[in-house]
Each structure stands twice: as structure tokens, then as C-alpha cells.
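Note that the chains are named A, B and C in the order they appear, and that numbering of residues resets to 1 at the start of each chain.
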Amino acid sequence: MSEKKSLWKIITGSREVSLLLVLIVLCAIVQILSPSFLTIKSIMDMLKNNSVIMIMSTGMLGVLLLGGIDISIASTLAFSGMTVGMLLKYDIIHNAFLLFLIAMAIGAACGCLIGLVISRGGVLPIIATMGFMYIYRGFAYLIGNSQWASAENLGDFKNFALNKTLGLGLLNNVIVIVLICYVIFFIVMKWTRLGRKVYAVGSNPEAAAVSGIHTANIKLIVYTIMGMLAGLGGALAVAVYSSAQPNMLYGREMDVIASCVIGGVSTTGGRGTVVGTLLGSLILAVIAKALPLVGIDALAQNTVKGVIILAVIILNVVTQRMMDRNNLKGREM
Amino acid sequence: MAGKSGRTLSITQESSWKKAVFSWEGILILLFIAVNILCICISPNYNLKNVLREMPKYLTEVFLLLPMAYLLLLGEIDISVGASVCLSATMACMACNAGLPFPLVLLVGLAVGTLCGAVNGFILTRFTELPPMIVTLGTQIVFRGIAEITLGSGGSISLTNTKQFHAMAGKIGPVPYMFFVVILAAAIYMVVLGKTTFGRRVYAIGSNSLASYYAGIHVQKIRFFVFTLAGFMAGVSAIFLTSVLYGANTTTGNGFEMDAIAMAVFGGISTAGGKGKLLGAIISAFTIICLRIGLGQINMNPQVILVILGALLVLAVLLPNLAKKARSMGIMAKAA
Amino acid sequence: MKRKLFCVLLCAAMVSSLLAGCGGGGGSSSAAPATPASSASGDGGSAAPATDGGSGGKTYAIVTKAAGNPFNEKVAEGFQKVIEEQGGTCIVRHPEAATADAQVSVIQSLISQGVNSICIAANDENALQAALEEARDEGINICCVDSKVNKDSRQTFVNQAGVNEIGQCLMEAVYDISGGEGDWAILSATSQATNQNAWIEAMKTAMQDEKYSKLNLVEVAYGDDEPQKSTDQTQALLSKYPDLKVICAPTTVGINAAAKVLQDNQSPVKLTGLGLPSEMAEYIGDDDAHSCPYMYLWNPVDLGRLGAYTSVALVDGTITGATGDKFSAGDMGDYEVVAADDGGTEIILGAPFKFDPANINDWKDVY
């Protein structure tokens, strides 16, 4: 009896465990309906195909922790991706490393500008990023000049998404980059001053400012990192899909935000973890991968996706309430 | 929190006309005039007749702006309204093609929209911890998804009998009926917000939801009502959009929610809640519409238009903030 | 107080300078490959139809499906070239988004400018009817290219190739590549894309033939013309149907994503469909290292040119869009207006063009 109770406590006691449970149940259902789902190849394909969203989710975690939001990331991604595509198309730069650097620099510059407007100009994040969403998307169209960069133009660059050099022959480069991002974020958020400052500013900006944290600079840094990751995502998207188009990932910023929120990150700031974000984005990835696999009618796929997202976030609230109740109980005792 | 502070507050008392001119609404009116002068200069076809003729398509978004302004004042947001428009328009078209009498068709459109809003309101008042942006993102996918399922593999429905809807798109002289409806709706919304206790409560909740709750305001009831209202207006918008499109498809109403939010923000309504006036939002809506029509008439690249609108949006909030910051620094320097 | 005044002035100055700055530049970027005419129209004044007489001095507009798409760009380019040769003014308009809503605004704006004809690639077959009827009432000639509007809203439709012809062609390709039997699947764009659905229907009709009885269409998947979703769908097709032999993707984004998935996996499944040669050059080849043995498309530049000749003929009064009308399309030869399946009329450009390893290198730089 007591063992059962403690198991129940573990499940309701931690957001991450309950999310993991959701993920496992989801995978089990999909696996029963479609036995080809849980193979290494299929999982690797899934990770690769969702790498861009997963990477940007880490940056979004930081932004949401500050109580902010960034809906311009898909546009930043398109801008940097198109720049990479055009550099390759017109034979200007071919070095993959250099291209990744350029993409990240463009993204960081875009993010830095947003960060300045938000932290120094005092503009609310949703307004600032909405404005820049239009602006950067426009830039993506203008720099592309109505041209796409196709597989033919990309030369060796597209092999980056096929090779396993970074993963020492075991893992695809793209997945390695995703892992690196998550590991760095995990360490930074947990054990560095910067990470703790982000949590501090997010939970209580006034208290953080009083205790000597330069809140404006923290905001600037977080938005710049978000932009940098979106820029990285742009270069990765070009490599993974071997194609650069100005409408890349149009509207997908919402998927990024959704994966954070599914992962238990609070949009009012201060609460959320890297592990939760990882689980949230994995849940979204599994949904996207599974819907065509399990044979749901093509027309109904979007509806099912929406319902699952709603169900998971409501489930999050319910477990959170249970957690709070448990905590209260603990105090009473 | 510079973003939350009002733009209309001034430190010293000014005479009332100066106040009127230098309030954000005053600036917007000047801007509106400037935009119109500019459009007349750049486009030889920019005249009253053409502007009024091109306007109906854009006016359908103003219907969404009105409740969106209420939502933003409450500190909420609803990004599912575009999808609600899509679903309501789809259902209204189905009803019309099924041969229902016209008033019933209108009722179906309005009811579906209201239901969509009520679903949002229900989830958000039942689970108050949930952020409205994420819930309405989820319902957005669901609403549009239901429209997709209803429309089937064609993904598009057209009216078999366009007579009544065509009549709805009619005009008095050069002025379309829709224009009068928009003005009427805007007037009602402004009066309700400015002159009733309900309106004051909206502001109160937006400024401090918890304090309002302790002051005895039924916060959740009002939230539910306003979300439902947003759905109802999506139904109104859907009906008028149907009179422009003679049908519906799965992309109907795409992006309307962002346009509505942008118009409200440009009009000086803070997305953090509690600050701003509806009048500003309405003036800004017409400013943006005129700008779009004018730039469209000189065949400007649509992406450049979006860049301009984006820049305007950011600068409209950024510049007053910077000016305020500079002024407060000036005062501090004087004091020192 | 001075600062507020300053702020007002700054706002006004900002708006006007933005507009002044973009007014000139905007036009040139609206149709990048061929700047002269579009920047002329971008300047504003010249958009109004001048009365020089003849076919010169008239204004012809083309409305594409969306901005930033090389296929649309090439159609517009062909259109513009012919109109300029004929001495007319050309307006190229891309809607803000690939929706019918956005195209309505564009049509309204063109009516204000008093153009003589509108040539449109529609995002929805029916939703533009009200706007186009209004244009007709103002005496504007309407034809469509690439993707049609319903028969009541148009005078005629410049069809890239007969729907049945495309269906037949693609079926034949599937038959040929699969070796005459086995499972095959279709990867389409969105479920509501008009021409996609027409082609898929035509393929299903063609399949009734005894010849194709051993072919088994297992699924029609929709990738929404998004690379990520198309990739998911292709991978799902591969794992769901291990015996799959051929995927047919009659959409440029879908075929590109599917080709990438198949080629990266070294899959034995082969691909055919409709795609842009410049996008697909990497994947076309006879050997196992390439995923697509051959595919089809038409020449978008010619499509645009024929659209332009049709517009000119409609404005001249050479044709009215009725069945049996004949007109000359310059060096493209003579064309005749024929009856279309939906009860309206159409002009057919020609048979779809086959891109195979032998000719792909000649075409990949063209479009």
C-alpha cells in the first residue's frame, strides 16, 4: 500500500515524470497501431525532421522564463536560411562551417535588435516580436528575390544533414547539434549564474533588480540567444530539406511555443525546465510523426493534433493542481 | 515597466485642446490625415469612390478588432478568431446551400461563431492557470480542422444562391452597408467600454485581476463573456466575408487575428491589459486600411508593405517610450 | 511638451520617408527579373490607362498565386515580356499570402487602377467570383492561367495542359516505372488545391483502363506543400507500405521533399510527378542513386506568354472567350478556344513536357 502511494506521489510529484508518462503512453499507442514506429531508423528520422523546432524550443524556454514571448523566430529563421541559400546559389561561400557561423550571426543580430527594443525601449515582447515577424519575413522574401535555392545549388552543404562526422559515425550531425544545444542549456540553466539570473528575473523582476541583477542586460542576452538559435535553425532547415524558400516554417513559431508550454513552461515566467521542454517537443514530434502512420484520415489530422495539444496542456494543469495540493498536505502534516 | 505606463498621461496640466492634440488619439488622427495625403500624392486613383469600393474586404477585420480590444484590455488574447471566422463562414454557406431561409443562415453563422468563443471561454475560465495564447492556439487548430473535415476533399464551398448575400454587399450611394454596420458596432463598443460599469470592470480586471476579484467583480464571468463576444463578432465577420467571397474555404480568415491585434496595438492598446482607448484602435484601423489600399494601388510589393507595417507597429510603441524616457531623464538632470 | 511635438513630427516624417524610400524600390522588387516595366508601374502615374490607341497604351495585369515562388515568377516573366513587345503596360501583382482573401484585395486594387485586363492564377475556384464580376462590370477582361476560376467568373482559361492528358501521362509514368504492377501512392499538396484534385481525379479515371488493373493505389497523402510535413508523410508511406513501388507527387514542393527522403534512404521506391527542373535536377537519373527516373511539367514562361497573348486578344476584341475563337500567339503559333469540362472555355498550351536524365541539364538553369 505504502509503495503504491509513493509511486503515485512520484507521478504527481513532478511535472517531468508525468510528461514522461504521457510520452510513453503516446508511443505505446502508436506502436500498437503501427508496429514500424519504434525502430531506430524511424526515431532518428523523427528527430531529424523535428530538429529545428527542438532547437528553437530551448531558446524559447529562456524567453518564456523571463515572462516574454518571441513570435518572430520563424521569420528570423527564414531570413537566415534564405541568406545561406542565396550565398550558396550564387557561389559566394561553400564552407559549411562558415555558413553556419553566418546564419547564427544574422540570427543573433536579429535577436539583439529585438532585445534592444524590448529591454531598452520598453516595448512589450509580443508587440515588438510581432512587428519584427513581418519585417524579417519581408527581408527573407526580398533577399531571395523570388528565387529558391534548390538541392542542385546547395552542393556539399546538404551533405551536412546526411553525414555522421560530428556523431563519430553513430549519430547524424543534425541530431548531435540538437543534443549539444540541450546539454549546454541544461548546464547553463542549472549551474551557471546566467541561468539562475534568468529564473530570478522571470519570477520577480523587481526583486531581481534590487538584488543587483541588470535585468535589461539579461533580457538582451536571452533574446539574442533566441535569435542565434533561430539563425542556426535556418541553416539547419536548409541542410535538412535541401531547399531554401522564403516561406519556410511559416507560422511554426506557434509549434515552438506549444512544445515549451506542453513541457510545463509557464508563459508568465519563472517556471520551466530544460528537461520539460525536451519532453514537450518530443511529444509534439511524436504526434506529427504518428498521425500519418496510424492511418487517421488526412482531413482529420489537424483536428486530432489540436485536440491532443489541448488535452496535454489541460492535463498539465491538473497535475500541477495535484502537486500543489500534495505540497499543502505535506505542510499540514 | 515602461511598457505598461500610459502614453496619455502628462506630468503638467495642459489646456484641453493641447491635451487632445497630443494624446495618442490626436497623433493617430494626424497620422491618418498624413497617410491620406500621401496616398493621394502617390496614386492618381486614390479617391473616395475607389477607397470605399476596396474597403469591405478590410472592414471584415475591424469586426474582430472590437472584441480583440476588449480582450487585450483584460490582458487576454485570442488567436483563434481567424479560425472561428473560417468555421462560421463554412457552416453559414452549408446552411445556405441546404436551402434554409436567409435569417436562419445568418443565425447559423452567428451561433457557430459564438459557440467557438464559448469553448475558448469555457476552457480558460475552468482552467484559469492556462495561458490564453496557448489555449486559443489549440482551439485555432481544432476549429480550422473541423472546417477542413466539413469541407471535405474539395476544401472549398461556394454559394449556390448568392442573391441575398449579394444584396448584403450592396451600397447606399458609394458607401457599402458594411461600413455603416462597422461604425454602428464601433459606437456601441465604445459606449459600453467608456460609459458602463461593465466597461470600467474590464479596465479594472486588466489593471489588476486579483484586486478586482477581491473588490467583488466576477472576473471569470466577465472573461467568459468577452471570449464569447469575440466568437460572436467572428460570426458577424464571417457573414460579411461570405458576402464578399460568395463562399468559404480552408484558408478563409487566415491571419485575421494578427491583423486585428496589430491594429489594436497600433491604436495604443497595451497587450498587458488595462491601458488604451478603443477610439485609438478604430482610428488606427482606418489608418492601416487606407495605407494598404494606397500602397496597393501603386502595386508595391506586398512583402515591402508588410515590412512597413511591421516597422510602424514597433516604432509606434517604441518612440513614445523613448521620448518619455528622455524626458524623465531630463527631469532628473534638472532636479540634480 | 516640445518632445511630444517632436515625437509627432518624427512619426509623420518616418511614415513619409518610409513610403518615399519604398515607393521607388518597391516596384522594382515586385518583379525582379525584368525591372523596367514594373518600376514604371511602381511610380504610380503610368498605371492609369493612357489612350494611345491600338494595343499599345493599354494596361494588362497578371495576378499570381503567391509571392516568392520561382514558378509564378517565370509565368509573370513570360507574361510581361509579351505585353512589353506589344507596347502595353504590364502590372505584376503577387498577393500578400497564398489565399483567396488576399487575391480579392488585389483584384479590387486593380479595378481602382482601371486596367484593361486581369490574368489570374486563382487560389480558390469560387471565392473570387464576386470580385471578378465587379471587374467585368467595369469592362475589364478576365482570363486565368495555371489554376482556373469557375466558368461564370472568367472569359477563358489558359490551361497548361488538358487535365485528362496530365492524368494519362502520370498514369503511364507510374505504369512504366513500376513495371506494370504493384502498390503506388500519391503525395499531393493541400486537400483543397483545385488543380491537384483535378489531376488526381483524372489519374483515378485513367486507372479504370484494363491496362492498369494490376496497379494498386494505396493512399493519397497530403503534405500541405510544407517540406517538413511532406517529409513526415513520405516516411509514413514508406513504413506503412513495404511493397510500395512508386510515389507520384504532382506538386513541386512535395516532389522535392519526397525525392530527398527517397534518395537519402537509398530507397528502391521510385518517384515521378510534376516538378520544377531547377529544384529536381539533383534527383533525376536512371541509376539507383537517383530517386526520380523522369517527371513532367510545362514551360511556365510559355504559359505566361500565352496568357499575355490571350489577354491582348481579349482586349482587342479578336476573341471573346467563346468556343471556336481563333487567335495568333506570335511565334507560338495559332491557338483555338475550346470547350472545357466545367462548361466554360479554355485554351490548351500543349502536352506536358518530359524531363529525363538526357535533357535535365539543359533545363535546370532555365526554370
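Assume a residue touches a chain if its C-beta (ideal position, glycine included) is under 8 Å from a C-beta of that chain, and two chains touch if they have at least 3 such contacts.
The structure presented is a predicted model; accordingly, all values stated were derived computationally and were not measured.
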Chain located farthest away, centre of chain A as origin (C-alpha): C
Chain pair with the most C-beta contacts: B-C
Between chain A and chain C, centroid-to-centroid distance (C-alpha), Å: 34
Averaged-CA centre spacing for the pair chain B and chain A, given as whole angstrom: 30
Distance from the mean Cα position of chain C to that of chain B, given in whole angstrom: 33
Sites on chain B at which at least two other chains make contact: 148, 153, 301, 303-304, 306-307, 311-312
Per-residue overlap in chain C, given as positions that touch at least 2 other chains: 29, 67-68, 191
Residues of chain A touching at least two other chains: 141-142, 299
Chain A contact footprint on chain C (complex, rising order): 29, 32-33, 66-70, 72-73, 191, 220-222, 227-229, 231-233, 235-237, 239-240, 253, 256-257, 259-260, 264, 276, 278-283, 364
Complex contact set, residues of chain A against chain B: 69, 117, 121-124, 126-128, 130-135, 137-139, 141-142, 254, 257-258, 261, 266-268, 299-307, 309-310, 313-314, 317, 320-321
Contacting residues of chain C [partner chain B, same complex]: 1, 3-8, 10-12, 14-16, 18-19, 22-23, 25-27, 29-30, 38, 41-45, 47-48, 67-68, 91-102, 104-106, 108-109, 111-114, 123-131, 150, 190-194, 197
Chain B to chain C touching residues, read off their complex: 10, 14, 18, 22, 27, 30-31, 34-35, 38, 42-46, 50, 53-54, 57-58, 148, 151, 153-158, 162, 166, 169, 241, 243-255, 292-293, 295-308, 311-312, 315-316, 319-320, 323, 326-327
Residue ranges of chain A in contact with chain C within the complex: 34, 36-37, 42, 45, 49-50, 141-142, 144-148, 150-152, 162, 237, 241-243, 245-249, 252, 288-289, 292-293, 295, 298-299
